[in-house]
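After this come two complexes, each holding subunit A, first together with subunit B and then together with subunit C.
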Partner chain A sequence: MILKENFRQGFYDVIKRQSVVIIVAVDTDALCTTMILSHLLKCDDVPYTIIAVDGWESIEQSLLDLQDQKTSIIMINCGATRSLSRIQLPPAATIYIIDSHRPFHIENMFENDQVNVLIDEQELEELRLPQPNEVIKDESDDDTDDDEEDEEQESSYEGRMEKIQRKAIKREEARLWERRRQNLLWTYYESTWNGAPSCVRLLELAAELNRTSAEMMWFAAVGLNSAFIDRLISIEMYTSICIDRMRPFIHKFSPRNIVNQGKQDDQLHISFGKELPLALYSHWDLYSAMMIDEYFSIKTKNWTQRGDVNIRHLLASLGITLAETRQKFEALSTEQRNVVTDILEKEIDSSFATFFAHLGYCAKLSAADLARGISVRMEMPKTKKSMDRFMCGTQLLRSSISGAKSHRFNIQQTFETVCQRTLLVSWKTMAAAINQSEIIPNGPYYLFSCTRPIDEEMIESRHFLYNTTNFMLRSFASMKKGRTAKPLIAMFPLTAEKQGWLVVTGVMPLATVYEDSLLKTCIGRAFERVKKMAPKLRITNDTFDSDVIQLKSEDRTKFIDCLQAIFEGSN
Partner chain B sequence: MNAEKCEFLAANQQIEIIPRISEKVVHLISGDVGPFEAGIPTKIPVWMALMLKRKHHCHIVPPGWLAIEELKKILISESDNLGLSHLPDMFFELSHMLVKEASDNIFEVDQVKSLIQDIYDKREAKLRTSAITFLSQNETCHAQLDGVQPIEVASSRATLEACKQMAILIRNKHQSTPI
Partner chain C sequence: MTERENGGIADKALQLVLEMKRNPDILPPYNAELVRSCLHKIDELYKLNADIVAEMRAGKQNDYSLLQPRIVAMYHIRRCLCAYINARKDRIRSFRWKYGGALPSSIRNALCEAEIEFFNEYSSTLARFQGSLGDNGVNLLLHVEPPKSLFVQVRALENYGDFETSDGTLVVLMKDSLHSLPRQDCEMLIRQGILEIAN
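Entry: the complex of A and B
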């Protein structure tokens, strides 16, 4: 069932009455949503449990464990894309889904009464849902036919002929209806994308309940930023959400506008301002940040042999000395910092703006960097249990606003050790792929098969995969003209326990990126069709993102052939 | 008895709040509280006020003496007076709890914090000098000090207890040392 307005009465007041089980996917947006929701529940003294899940199997397992419980189950960032009727649901519980994955499965929306999906009214039009009567077969029609038949068994010859004709017409109609339904579903399920992050929806719910605070706004800001840096939403959507939906909160919690409070240094203030889209540059040195950044890397082609020379030329033309870039950014004087930031802003000319947290006398922390840190912490290593990783993410998020020196240090450590390493490995993979010409055109798509094993922790992280493959496609396209029309499929080998398996993911062709602001991708559907076409292939598509799957290495060639057939067929 | 217990006892004082929700009368063993109507100020115990504040259910109205002007006056009288000046009831305990939990309801909380810290330091210095004079008395052994706050009593008790024990030890040594 769809829940599209009145979230307060339809959703929150209902779950307030009994205990709540929150099943949450392990990603930053879900984490921020859970923090906001758990704060609201704590204020109302509602007992809640949090279960962190990695994939559909874990969901089934947890639902089995909850079979005899009469609670409300809230699923955050999971559960929308596949039909929940196939899974055994606890009979006494009601399920609410708050998910940013689109498109929603039709059965969850129309057929299942136990499941409620929360959607925004404006988004409902964008979804282009088919009408319920077009896709759900109405069972009652067939029954009346049978009844009629039993009653009028002894009618005349003409009557029977009429009846046979009527039945033939009905059968023809049913066939046409079925075919129309197939077409509708085909177009509906063709692409997958991500809608607005769930944390913003929950922040608005908290505002309706009048329980917002600067901390909650910060959680929502981090969740929103994580959706942008993970390349789940485009910059247009990010900016429009910032401007339309986050604006009232910005006014409320920014440093200048605190009414009746005088000067306050101890409180958390959130400000919103322009920022360079360079990852982690304020906790790093400019040279490295520019090296791994997409814009500068592609401009100077710093993976080629001339790359170094190009970088120097670029810096000279911008007027930034090499010494300034090699120093740690915090070590530059404030004046120098402002000058350099201005130059780079003019150069990149992006419209990226993000939220900053000001707490006491600590340096301001940008939500984008924190989102990167949390994503990376939560997604690797996959050998740690999902609940542990979720708790790590929670700690990191809380320590960003606690103000204690040890916590700040912890954040700095995360940035330096894990984040920067991930970004560097990402760049190196991309550079190796292009320098060694490992990206080969394979008919309707480009194929990248990674031969060297990359760090086993990173390879299963969605953040790393999306970043690397996007980077790869863009730099590959920048090397020669005319490479913007085909998608890129990348395969990486897994090591250690999962030896013999590959992680496969894909990116849509660059030309389609500018069609709309939703970043729709058909890769997930293509993978599903391959699986249906050749059921003997050992494919695991357990995660909530349908465009990341695991494939047994022996089935590689057959997979590539099937994929080729599917892409060619759809063209 | 230490600072936390003093705070616990102080939490039973009455304080004014402006509730943001409406609620019926709450029957407690120590008496009835409420009913609450959103927007109408009422008086409730501090422990309940802090609990409601944490749940975003009320605004706390700081007591009259927790304002910059009043605190400056208290600071001046503390400097002028040789002994300890008279402070409002449970001054330090209440201000500590309110600053920690309801800092967004206090105007200019940073200056308030530093003023209270100054008052505390001045009084502590006076207490220390008076304790030293008291202990160095030879013949008489009594002292009188007005206006000591419970929290200061708790912290001085440890020192004076220790000094008393040391005095007993020294006397014993003197008495039992063979000549």
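Entry: the complex of A and C
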């Protein structure tokens, strides 16, 4: 069923009557959503249970354990893309899905009354849902048909002929209907994308309940930024959400006048403003931050031998001294910092704006940086239990709104160790791929097959995969003209326990990325079709993102061939 | 006249009280010397009064205008001593809650014999009281601070299965799931090591 409006009465007031089970995917947006939701439930003294899941298998497992539950089960950022009817659901429970993955599975929306999918009304159009009667078979019709048959067995010859004709017509109709249904479903499921982050939806719900606070807005801001830095939503969509949906909260929680701010130094307040799209630069030195940044990296082609010289040229022409870029950004004087940021802002000319948390005398913290930190912490290493990673993320998010020194240290630590390393590995992978021309055109797509083992922990992280492959395709396209029309498929070998498996993912051609503000991708669909075409291939796709799969390395060549056939067929 | 040279009559007693007041965080060693001199002072004052009364009884003419002030002074000194002992008692009692039955030696050295005895007696009284509550007794030391909310966030450490809270909600405690449950319900499970308080 679709729940499209009045979430307060239709969703929240219903779930708060009894205890609640929250099944949450381990990603930053889901974490932020859970934080907001659990806060709401805490206010109402509703007992709740949180279960962190990594993939479909763990969902099924936890639902099996919950068979006797009569409560509401809320699934956050998971569960909408596959039919839940095929999973054994607790019979007495009601399930609510808040998911940012699109498109939703038809059966979840129309067939299963136990499952409620929360959708924003404005978004319904974007979804291009088929009409329910066009895709769902009305079973009652068939039944009456059968009954008639039994009764009229004894009728005359003409009667029987007529009956047979009627049946033939009906069968023909059914076949036509079936074909139309297939076509409709085909277009409906053709591409996958990500909608607005769930946490924004929940923040609006909290506002309906009059329970917003600066902390909750901060959670939503981090969730929103995480969707952007994970490249799930485009900058246009990000900006429009900031402007349309976050505006009332920005007005409420970011006091304009400084006088007011001085009075409440130890309280959290949030500001919204322009920010350089450089990752982590305020916790790093500018040189490193620029080196791994997509814009500067491509502009200076810093993976080549002349890269370093190019960067110096660029810096010189911008009027930034090397000394300024080599030292820690934090250590620069305020005026210097402002001058440098101004110059870079003019140079990059991006419309990126983000949220900052101000807390007492701590340095301001940007939501984009924090989202990066949380994503990295939550997605790796996958060998850790999902709940441990989830708790790690929770702690980091809590640290960001508390001024305690140990908490600040925790954030700093995350940025300086894991985060920066991830960014560097991402850049190195890209540089190596281009320098050694490992990206090869393979018919309708480019193929990158990584031969060196990359850090095991990172490969399984969606954040790393999406960022690296996107970066790779962009820099690859920048080397020569006319490389914007083909998608890139990337394969990374896994090591250790999963030796012999490959992680496969893909990015849509750049040309479509420029056109489409939803960042739709059909890669996941193509992988599914490969699986259907050659069922013998050992492919596992347990994650909630259909465009990240694991493939047995012996099946690699076969997979590549199948994929080629499919892309050629669809083009 | 001697009193004026030494300052006020009750100065020493006041010093004891100030000693406690100036060290709010630690327990200063028991000042036996000052206490003794305070007691002496009371004795001395009493003696002076007793002599005057005896002389009055004997019918000798005497100046008895000092009788009343001396009595007030004695009371005042006594009060200061009581305050000193009371403040120390309170602090010692709080140590029982802070450190449990065994005192660190730094604190133990600051106590006098009687105080150590008091501490031990207090510990055993507390233990007896705890033992008398309920069937198995309650460890009051576990919950010294009032809870901020009725609910507490806990994490299940093992598969426990169904658990019914006092208001009848059924919760499935699976390994590695987070729960927000009424505090009083899950305390038992926390002690058994099935749940763990998260954050």
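Please note the rule applied: the second predicted complex is superposed on the first by the 553 of 571 C-alpha atoms of A that agree within 3 Å, B and C clash if a C-alpha of one lies under 4 Å from a C-alpha of the other, contacts with A are read in each partner's own complex, and residues count from 1 in each chain.
We take it that a residue touches a chain if its C-beta (ideal position, glycine included) is under 8 Å from a C-beta of that chain, and two chains touch if they have at least 3 such contacts.
Since this is a predicted model, take the numbers as computed values, not measurements.
Applying the stated contact rule after C-alpha superposition, one finds that A:Arg211 touches subunit B and leaves subunit C untouched.
Touch criterion met: A:Asp44 reaches subunit B, while subunit C stays clear of it. When the shared chain is aligned, subunit C comes close enough to touch A:Ala52, but subunit B does not. When both complexes are overlaid on chain A, the residue A:Gln267 reaches subunit B alone and has no touch with subunit C.
Of the two partner chains placed by superposition, only subunit C is touched by A:Gln395; subunit B is not. Comparing subunit C and subunit B on the residues of subunit A they touch gives the larger count to C. When the two complexes are overlaid on their common chain A, residue A:Lys70 makes contact with subunit C while staying clear of subunit B.
Looking at subunit A, you'll find residues 42, 45 touch subunit B in one structure and subunit C in the other.
Taken in their complex, subunit A has these residues touching subunit B: 42-45, 210-211, 213, 260-267. In the complex of the two chains, the subunit A residues touching subunit C come out as 18-19, 21, 38, 41-42, 45-52, 62, 65-66, 68-71, 385-388, 390-391, 394-395, 398.
Considering their complex, residues 149-151, 155, 162, 165, 169-172, 174, 176-182, 198-199 of subunit C touch subunit A. Taken in their complex, subunit B has these residues touching subunit A: 20, 54-57, 103-104, 107-111.
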